[in-house]
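The following pair of complexes shares a single chain, chain A, combined with chain B in the former and chain C in the latter.
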Partner chain A sequence: MSLEKKIRKFLQGPRKGEAFELKNGLVSQYKHERKDAIQRVIQAMTLGKDVSSLFPDVLKNIATYDLEQKKLVYLYLMNYATTHPELCILAVNTFVQDTEDPNPLIRALAIRTMGCIRVQKMIDYMEIPLSRTLQDENPYVRKTAAICVAKLFNLNPQMCIEFGFLDSLKKLISDPNPSVISNVLNALYEINDMYISSNLNKELKLDILVLDYTLIKNLLVCLNECTEWGRLTILKCLNDYDSENSEQANHIVERIIPQLQHINPAIVLSSIKTILKHLVYLQKASQTSILKKLSSPLVSLISNPIPEAQYVGLKNIRIILEKYPNILSKELRVFFVKYSDPLYLKLEKLDIMIRLCNENNFNLLLNELKEYSMEFEPTLISKSIKSIGSIAIKLPTSIIKCVNLIIELIDLKGDELIIDESVGVLTMILRKYPGKNDLITLILPIIANNFSHLSIANPSYSSVIWLLGEYPNYFTNISNLLNEIFEDFNDFGSQLKLNWLNTIVKVNLNSLVKQDFSKLLQETLTEITENEDDVDLRDRAYIYWRLLSSAEQELPKQILLAKLPPIDSSIETYNPVILNDLMSELSTLSSVYGKPSYTFISNQPSSFFKSMDIDELKAQAKQDIIENVKNENLLDFDDDFEENGNASEGASTNSNNLLDELNDLFSNSGSSPASNTSTMKSNTDDILSLFNTLNVTSAPMAQPSQQQSQSSSNNDNKVNNDLLDLF
Partner chain B sequence: MASQIHFLDIKGKSLLSRDYRGDIDTSAIEKFPLLLLELENTSNSTGSATDDSNYRPFIHHQGVNYVFINHNNLYICALTLKNENIMSIIIFLSKLVEVLTQYFKHLEEESIRDNFVIIYELLDEMMDFGLAQTTDTKILKEYITQDYYKLIRNTPSRVVQPPNAVTNSVSWRKEGIFYKKNEAFLDVIESINMLINANGQVLNSEILGEVKIKSHLSGMPDLRLGLNDKGIFNTNEETGGSTNAKGIEMEDIKFHQCVRLSKFENERIITFIPPDGEFTLMSYRLSSTQFLMKPLIAVNCKTKVHKHSRIEILCSVKASIKKKSTANNVEIVIPIPDDADTPKFVPEYGTVKWIPEKSCIIWKLKTFPGGKSYHMKAELGLPAVDNDDNYILKKPIKVNFSIPYFTTSGIQVRYLRINEPKLQYQSYPWVRYITQSGEDYTIRTK
Partner chain C sequence: MGQTFSFANIFGKVWGTQKEIRILILGLDGAGKTTILYRLQMGEVVTTKPTIGFNVETLKYKNLTLNIWDLGGQTSIRPYWRCYYNNTAAVIFVVDSTDKDRIDIASKELHLMLKEEELLDSALLVFANKQDQPGAMTAAEVSQALNLTELKDRSWSIVASSALKGEGLTEGLDWLMDVIKEEQL
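== the complex of A and B ==
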C-alpha cells in the first residue's frame, strides 16, 4: 500500500466510523464500554468536534450511580442542551431525583447543572428542587443553590421574582455559614447587574442589595472567616457602602487593615481600594498614619512572582500615586528594572520611577537610567532617555546633570535611536527653560554636531527645524543647515513643511541674524502657495506673505516671534474627573486600560446602540471628546515641535478649560438630535485645532497664556453654539 | 468574575474551554490568535521585530475583555463583558495553574489533552457561574481525583462527599487526621535578591523570607509561633533586655490564610490551625531602605574582548560571610557572546562548564567557606568573520548559592507551641535555617 493511500485511509477511515462506533458504545450492554464511549464523546467535544447528534444516546446514560459518569453526562448536557431542547425534559426526572440524593455532592451537582442548562422548558421544573436545596442542611448545597438563583434570574427574571426566589435569597444573607453568605452576595450582585441592564419594568423597583450598617457589621465579622474569594466579595460590598460618619468609617478601616497581610494580592489591592474609599471620612491625623501603613502592601504587589499580577499592581500604583503623590516616596529602589522582567513591566516601572523622583533620589535614578539606555530593547532605550528629560523638566536642580548624562550617552553609543531621542529631549528641556544662555550654549552645539545623523523619518528632525527658528544666532553654520534642510523640502510631510515655513519666516524676521535668507523665504513661499495641496498650509503661507509685505515693521515681529510659554511637565497626568473615576474603580479592568468603565463597558453588548437614550449618547459623545482632547494632548507631547509648538500650546495648557466649556456646551444642547452628535463632535475637533492655531499666530506678543486660553475657548464656544443652531 | 475560561496553545488555538455563563458568543475566543498577533505586530511598526512593547496581559475587543496569563507556552485566558476585578481574575488563573500543576506535576499541552475529564471537574468545582469557589488543592483532592476507584474504596460509607472543609471557616484542614508520631518541621528560608553594579556597589537588595511548615500533626492542633521580630515582640522584656538577640523589623508580612489576621493585628501573636502537610506559613520582605547589605558573594569579573580572535575572562569571587558558615553549590553564570567557541578554563577551585545553547559559562564551587576567595581564568575563541560588532555584553552575571544554618536578617524562631485540645499529645517541632540566592542575584557587567 502506498504511503498516500495509507494516509488517506488513516484520515478517512475512522471519521466515517467514529460516530457509529461511539453510538454503539453508548448503547452497549456493558457498563465500562458505555463509560468509555462517554469519555470519548467528551474528548471529541473538547477538540471542537460537533457531537450533538449523539444527544439521545448520551442521555440514556444519565441514570447511573457512578459519580464520574454522571458528571460527564451532565457536562455533555450543559454543552449541547440548546441543540435538543425538547429532549432535555427526559433528563428532568433524574435531576429532580438527584436533588433528593442523600449525598450532598450529588444534590449540589444536580442543582448546579440544572441552572446551567439554558433551555426555557427546563425552568418550569426548577421550582421545587431549587426551593428545596436553598434550605438544604448542608452549606455546600446551599451555596450552590444560591448561585443557581442568579442563573435562574439570567434565564427568566419574571419567574425568579414571582416564585419568591429572590426573597429567599435575600433571607439567606443571614446564614450562619460564611461561604454561603459570600455566595449569596455574589448572586445578588449578579442579579443586580442583570436587572440594571435588562428591559424589565423599572417601575417595579427591586431593592436587590441594600447595604445598611447592620449588614456591614455582620460582613466585617465574616471577613476573617471566609475563603479568599469570599473575602473579595465582602470587600466589594464594604467598598460600595458609604459610611455615614467617621466612626463607622474608622471601624471599617480598622477591620480591613489586617487583610493587608493576606497572601493573595487581589485581597491586598481590594483592601487598599476600600481603605482609600473610607479614608476621606477620617481625620487628617489618622489619615496620614493609615496612608503610611499602605506603602508596604502596595510594594508587595510588585514582588509577586506572576508578572501579569505585577503589571496590574503597577498600573494601580500609578493611579494611586497621582492621588497621593507621597505615599511611596521612599521606595524608589523597589521599582528598579530587573533584567529578567518582561518588557511591558520594565516600561511601566520606568513610568512609576519618574513619578517618585525627587531632589533626594534623582542621582540614583539617573545612574539607573544610564544603564537602561545602554540596553538593547529600543522601546526601553527611548523611554529611558525620555525619562531623563522628564526628570530635568520636573526638577530644575537636576538639569545640568541630566544634560551631561545625555551628552555622555551620545558619546558612548551614539546610534540613530539615541541621537533621535536625545535631540527630542534636549529640545523639550529648552522649552521648559527658554532663554537660559548657559543651557542654550551647552545644548545647541551638540544638536548641530549630530544633526547629520538624523533623517526626515526621525521625529526629532522637526525639533531641530524649530530650534533653528527659535535660536538662529546660536548656530554658527546656520546657512549650511538651512540650505541642507531645504534640499529635501519636497519630501517633507505637511507638518514638517509648516514647521519649515515658520522657521524660515522667523529666521528672516530675527534681527540678530546677520545673514540674509530672503531667497530661501521667497522660494518657500512660492513653492507652498503654488504647488501645495494642503489648504491650511497654503493659507498660512498667504497670511505670512501678506503680513510680511504690510507696511508695518513691528507687527509681523510681534506676532511671529512671540515666545511660547514654557512647558510645565512632560509626565502624563489624568484629568481630575477621570482620576476620581479611576480611584473608585481601582483594581478593575478600567485601572489597566486607564479609562473609566463607562467608556468601554456597555450594559447591553448585543443591542448597544438601539437601547441608548439621548442622555447616554450625550455622555458618550462627551466622553469621546474628552478622550480626543486627551489623545491630542498625548500626541502633542511628541509632535509639538513639528507644529512649531503653535498648535500644541493651546491644547496642552488649556485642556481642562476646554473640557469645562464642552461640558457647559452639552448641557445647552440637550435637545439636539442624537444622530448629529457625532458629526458635531468631529466639527468641534476641527474647529478646536483651527482656532488654537489661528489664535496663537494672531495673538499679540507676550500675552499671558491664561488670556489666550480664555479667548480661544470663548471662540470655540461661540462657534459650537452656531453649529448647534444649525442642527 | 469570568464568563469563559480557555486553555490555549502558544499560537492561541483553543485546547480546552469552559463556558460558565453563555453571555459571550463562542466565536469570541476564535479571534484570540488574531488579536494576539495584532498585539505583537503593532509594536513591530515602531521598530525592531523582537520588540514586544505593546504586549499586555489583556485585550479589549468588541466589548469583550480578554484577560490572560502565560505559563509554559500556554495561555490561560478568561473572558468577561463586565468591568471585573482584573487582579482577582489574574490570581484565579494563576491558582488554576497551581492546582493543575499539583494534580499533573506539569501543566502543558499534553497533560491538558490527557486529563480533560478531571480538568472539567476541577473547573466546575473551582468556579460556578463565573464566581470563584474553592482553589485549595489539598481540599479539592479530597473529593476530586483521577483515581475514583481508590477514593470510593477508601471512603468508609463508599460515598464520596464534599469535605466539610469546603464551606467551613477552617477551609484548609479536614477532620480526623491521625499520625503516630506528631512532628512539625519548620524551615526559615531567606532568598536574597541583589543588584550589584560592575564596581561591586550594591544598588538594590532585598530579602524575601519564607517560613515553611511541614506538619505531621493529628487532630485540629492550634499552633503558636514566636519570632524575635521587633514588630511582634516589642513588649517582650526578655528580648528587649538581652544584647545578643538582634531585633528585626520585618516589612510587608504576608500570612497563609490559616493565620488569624486580626489576632496578629491586635496582639501581635501568630496563631493558626495548620493545613496538613507542607505549606508556606508566612512570607516577609526586608528591603534595602532598612539596611543596605554588602554582597554575600562578591564577584569581580573582567572581560577583555580581542575582536575577531578571542575573549578573555578573569573572574574572582569572594564569600563575605562569617568564617564559620559555608556556602554550598555556588554557581556563577557568566554570559559570553553567542558565537564564542573553543573554551579553555583555568579555575583555581571548582569546575567550569560551557553551555553554548544558553551562551554562558557556569563556574561551580561545591563548598565555599566564608572569608575565602578564588580566581578563575577563561578564554574563548571568537570567529574571525562577523557581521555584528556589538560585543558589549549587557547580560548580567547571575550567582546561585545556598548557605545553611544562617539567616541574613537574623530572624530566629523562639518557640513553636503545639496544642491539640482534645488529643493532648506530645509533639516535636524542628527548625532549620537557610539563606539562598533569589531569582535576581545579579551583577551587572560593564
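== the complex of A and C ==
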C-alpha cells in the first residue's frame, strides 16, 4: 500500500464508532437504512452533537420523493450549510427542481430552505427559483417567498434590488390573499429596518414602504382574515399611517374595533394602540364614546391567567392612564390585589390603583390598602402605606381618613417598618398642606410618640429632623428630642448632618421657640467646621455661622425660615415628550421598560457583533483588563486628591503634584490602541477648564495631558468621566 | 428498526430485489447526462438546464433496482464527483461526440476518475452520445481519443448513442447489467 493510500485512509476518518455507522447508513444501498440514518443524524443534531462531518453524505439524500426524508435533510442543511459552504451548490439542482414540484408544500419548503441557507454561493442560484415562487399560483408559496426576499436582502441588498425582487415584493402587496399581504408587509418592514441601519447609499431612494389610503383600505379588509401574526403586522402598519382627515380615521377605527374582542392580548393591545393613535383626528363626541369602548378590552388584558402577560398589560395601562386618566375610572375593583398574585403584579396594581383613585372610590381603596398593609411582604406593606399618602396628597377631601388610617395601622401593628413608612408619608402630607393647624396637631404628636422606635438607619429619621426644624413649637418635648438626636451626631451620614444643621439653625432663629438651644447650635457648628470632611457641609456651616453673626436680625430669618413650596403630587409621571414616545410604542418592550426605544436600542447595524473576529475579541479582553487595573489606580488617586485638596485650599504646589499624577495616568493608558477620539475631546476639554479654574499657572501642564489622552483608547472616556464626577 | 428483521426484508436481501445498485453518470457539461437519465427513467426527452448539483432516479431494470446518479459536469462541480464514488457498481461516462475540441479534457477527466481507489472494481460504460448530430465522431474514434484500450483489469464498453432518438441506450445498459450480475453472483 503506497504512502498516499495510507494517508487517504487515515483522512477518511474512523472505521468504527457512531459517526462511521451513520456514514455507512447514509450511503447504504437500502432505502430504509438511509432514512433511518438520517433520522438518527437529526436526533444527534437536536441533542447538540456536532454532526457536520456527515454533510456530504446527508446531502446525497436530498433528492428523494419521500417528503419526510426531504424535510429532515432540509433541516440538516439549514443547520450546517455554513460549515461546508462550497458543497452547498450540490443541493442547488434539487432546490430548483423542488420549486417546480406539483406539490405546493414542497415548493414552499424548497424556497424557504434556500433562503435559510446563508451562503453566498447559494444566493447566486436563487434568482430563478425566487422569482418563480414569488409569482406562484399558490398563496402559501407566495407568502413563503415574500419572507425569503427579506432574507436575501439581509445577505446581499444590492443583488436583491438589482434583480428586482424588491419591486416584485412591493407589487405583491396588492395580492388577493390576506396571508400573503401580511407576510409581504412583514418582509418590507424588515427590509426597511435593515436599509436604515445599513450603510447603503441613502440617496438612492428606495421608498420601501409607501402607505397610502388605498393600501390602508385594503389592509383593513384583510385584517379580519389573517392569522394572529398577520393581524399584528397589519395593525403595526395601520399605526404607522397618519390619517388625513376625520373620515379616514373614523373608518380605520371602526374597522379595528372588532379586533378588541380577540382572544390574543397582543392583538387587543395593538388594536388599542392603533385606535388611540387615530383617535385624535376624530371629533370630541365620538372620541369619548370610543374611549368608553376601550375600557373593557383594557380590563381583559389583566384577566389573562399568565402573570407575566398581566404585568405587560398593567405596564401599558399605566402609560395609557397617564394620557387618558378617566378611561378606567369605573374599573377600580378589577385592579384589587389577589393573594396569589406575584409581588411584581401587586406593586404594579397599586401603582395603577392610586392613579384611578377619585372622590367616589377612595373609601373603597383605603379599605383595600389597609388589608395590604397587614400583609407579610415588606415591599408590599411599604408601597401600600406610600399609596395611602399619595391618595391624601391627590385628594384633599381624603386627608383626615388617610391620616386616621395610618394612625390605626401604627396602633394595630406598629413595627419598625410601618412606623418608618408612616412617618415618611405623614411628613409628605404636611409638605402638601403646610399651613393646616388641625392637621399639624393631629400628626405631630403621633410622630413624637413613635420617634423612639426609629433609628438613624431609617429613611424617615431624616424627615423627623426636618419636622423639628419646621414645627418646633408643636413638639412639647423638643429639648429632649433634640438632645437625644444630637447624641448620635457622630454616626450620621452627611445627609443627616446637613439636615440636622439646618434644623438646629432654624430652631434657634424661630421666635416661637421659648427655650434656648444656642449651646447645641454652637456645638454643632464647631463640630462641623473643625472635624468635618465633607466640603459642602463645612461650607454650609461657615455660611450659617457668618449669617448668624451678622448685624442684621431679619435677613437670616428671611433666608433660613423660608417655607418650601408645597408639593403637588407624589405620583410619578412621565415627561410629556417621553409620554408621547411611549404612547406610540405601546405594546412593545418600551412600555414594559417605561423608556422610549431609542434609549435602549442602538441604531448600529445589527451585524456589529457578528463582525468581531477573534483578534478583536482578544483586544477587547485585554482592554477590559487594562481598564480594571486603571480603575484601581483611580481609586488610590481619589484619596490622594481629596487629602491634597482639603489640606491645601488652592495652594499651587499641591495641585501641580496632582497634575503630575494625572499625567502619569494618561501616559499609562497611552499604550493601548487609539480609537474613539472625537467623543472624548469634550471630556478632556472639561478637565482642562477645570484645571484652569483650579490653578491658572498649571495650564501648560494640562496641555500635554490633553494631547496624550486624545491618543489613548476609549477606556479613558470612563476614566475621564469618573474624574469629572469626582470634581 | 423492527423493519430490518422482518421477513420481507430478509427475502428482499436474499433475492436482491430491495438492494439498490449505484450507477454514476459522469461526463463534461453539455454531454447529455441528464437527458440520458430521464430517457432511461421515463422513456421520453425532457428539456434540461445545466445541472448544478445532481439528479438521482431509481429505476427497475431486468429485476434489478438501479439507483442512477447524474452529476453535474461543470468545471466547478467536477471536484465534488469524488464524494459519490463510494459503493459504486458502475460508471456511465457520457461524451459529446461532436465536441472535438474538448475530447482531450474528457479523456483527462475519465482517466483521473478511474485512478480513484473506490472505483477500482466498477465497470465502465462509455456513451458516444449525440450520434444524431452531423459531424459526430464514431464510437471507434471516440474510443481512440479517450485511450480506452489502455484500460486494464476493468470491464469496459463503448456504445454509440443518441439520447434524443433513444438509440444505443438499452444496448449499453444491457451490457452493463450482464457485467454487474456476473460480479454480484
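Just so it is clear, the second predicted complex is superposed on the first by the 532 of 727 C-alpha atoms of A that agree within 3 Å, B and C clash if a C-alpha of one lies under 4 Å from a C-alpha of the other, contacts with A are read in each partner's own complex, and residues count from 1 in each chain.
Note that contacts are C-beta pairs under 8 Å (C-beta built on N, C-alpha and C of every residue); 3 or more make two chains touch, one makes a residue touch a chain.
What you see is a predicted model; the values in this text were computed from it and never measured.
In the superposition on chain A, A:Ile306 makes contact with chain B only, not with chain C.
More residues of chain A lie in touch with B than with the remaining chain of the pair chain B and chain C. Contacts of A:Val92 after superposition: chain C is touched, whereas chain B is not reached.
In the superposition on chain A, A:Ser390 makes contact with neither chain B nor chain C. Using the contact criterion defined above for the overlaid structures, shared-chain residue A:Asn508 touches neither chain B nor chain C, since it reaches no partner. Residue contacts after overlaying the shared chain place A:Lys31 against chain C, while chain B stays out of touching range. When the two structures are aligned on the shared chain, A:Tyr140 is found in touch with chain B, with no touch to chain C. In the superposed model, A:Lys60 lies in contact with chain C only, and not with chain B. Contact residues of chain A toward chain C in the complex are 5, 8, 27, 29-33, 36, 56, 59-60, 63-64, 87, 89-94, 96-97, 125. Chain B meets chain A in the complex at residues 14-16, 19-23, 43, 46-48, 50-58, 60, 63-65, 67-70, 80-88, 90-92, 94, 116-117, 120-121, 124, 128-129, 131-136, 143, 148, 159-162, 166-169, 171, 195, 197, 203-204, 206, 208, 251-257, 260-262, 264-265, 280, 283, 285, 287-289, 392, 394-396, 439-440, 442, 444. Every residue of chain A that touches chain B in the complex is listed here, in rising order: 39, 42-43, 46, 48, 67-68, 71-72, 75, 79, 102-105, 108, 112, 115-116, 118, 138-140, 143-144, 147, 150-151, 154, 177-180, 183, 186, 190, 193, 224-229, 232, 236, 255, 257-259, 261-266, 269-270, 296-297, 299-300, 303, 306-309, 311-313, 316, 330-331, 333-334, 336, 338-340, 342-344, 347, 367-368, 371, 374-380, 417, 585, 587-593, 597, 600-602, 605, 608. On the side of chain C, the complex with chain A involves touching residues 1, 3-4, 18-22, 49, 51-56, 67, 72, 76-77, 80, 83-84, 86-87, 117.
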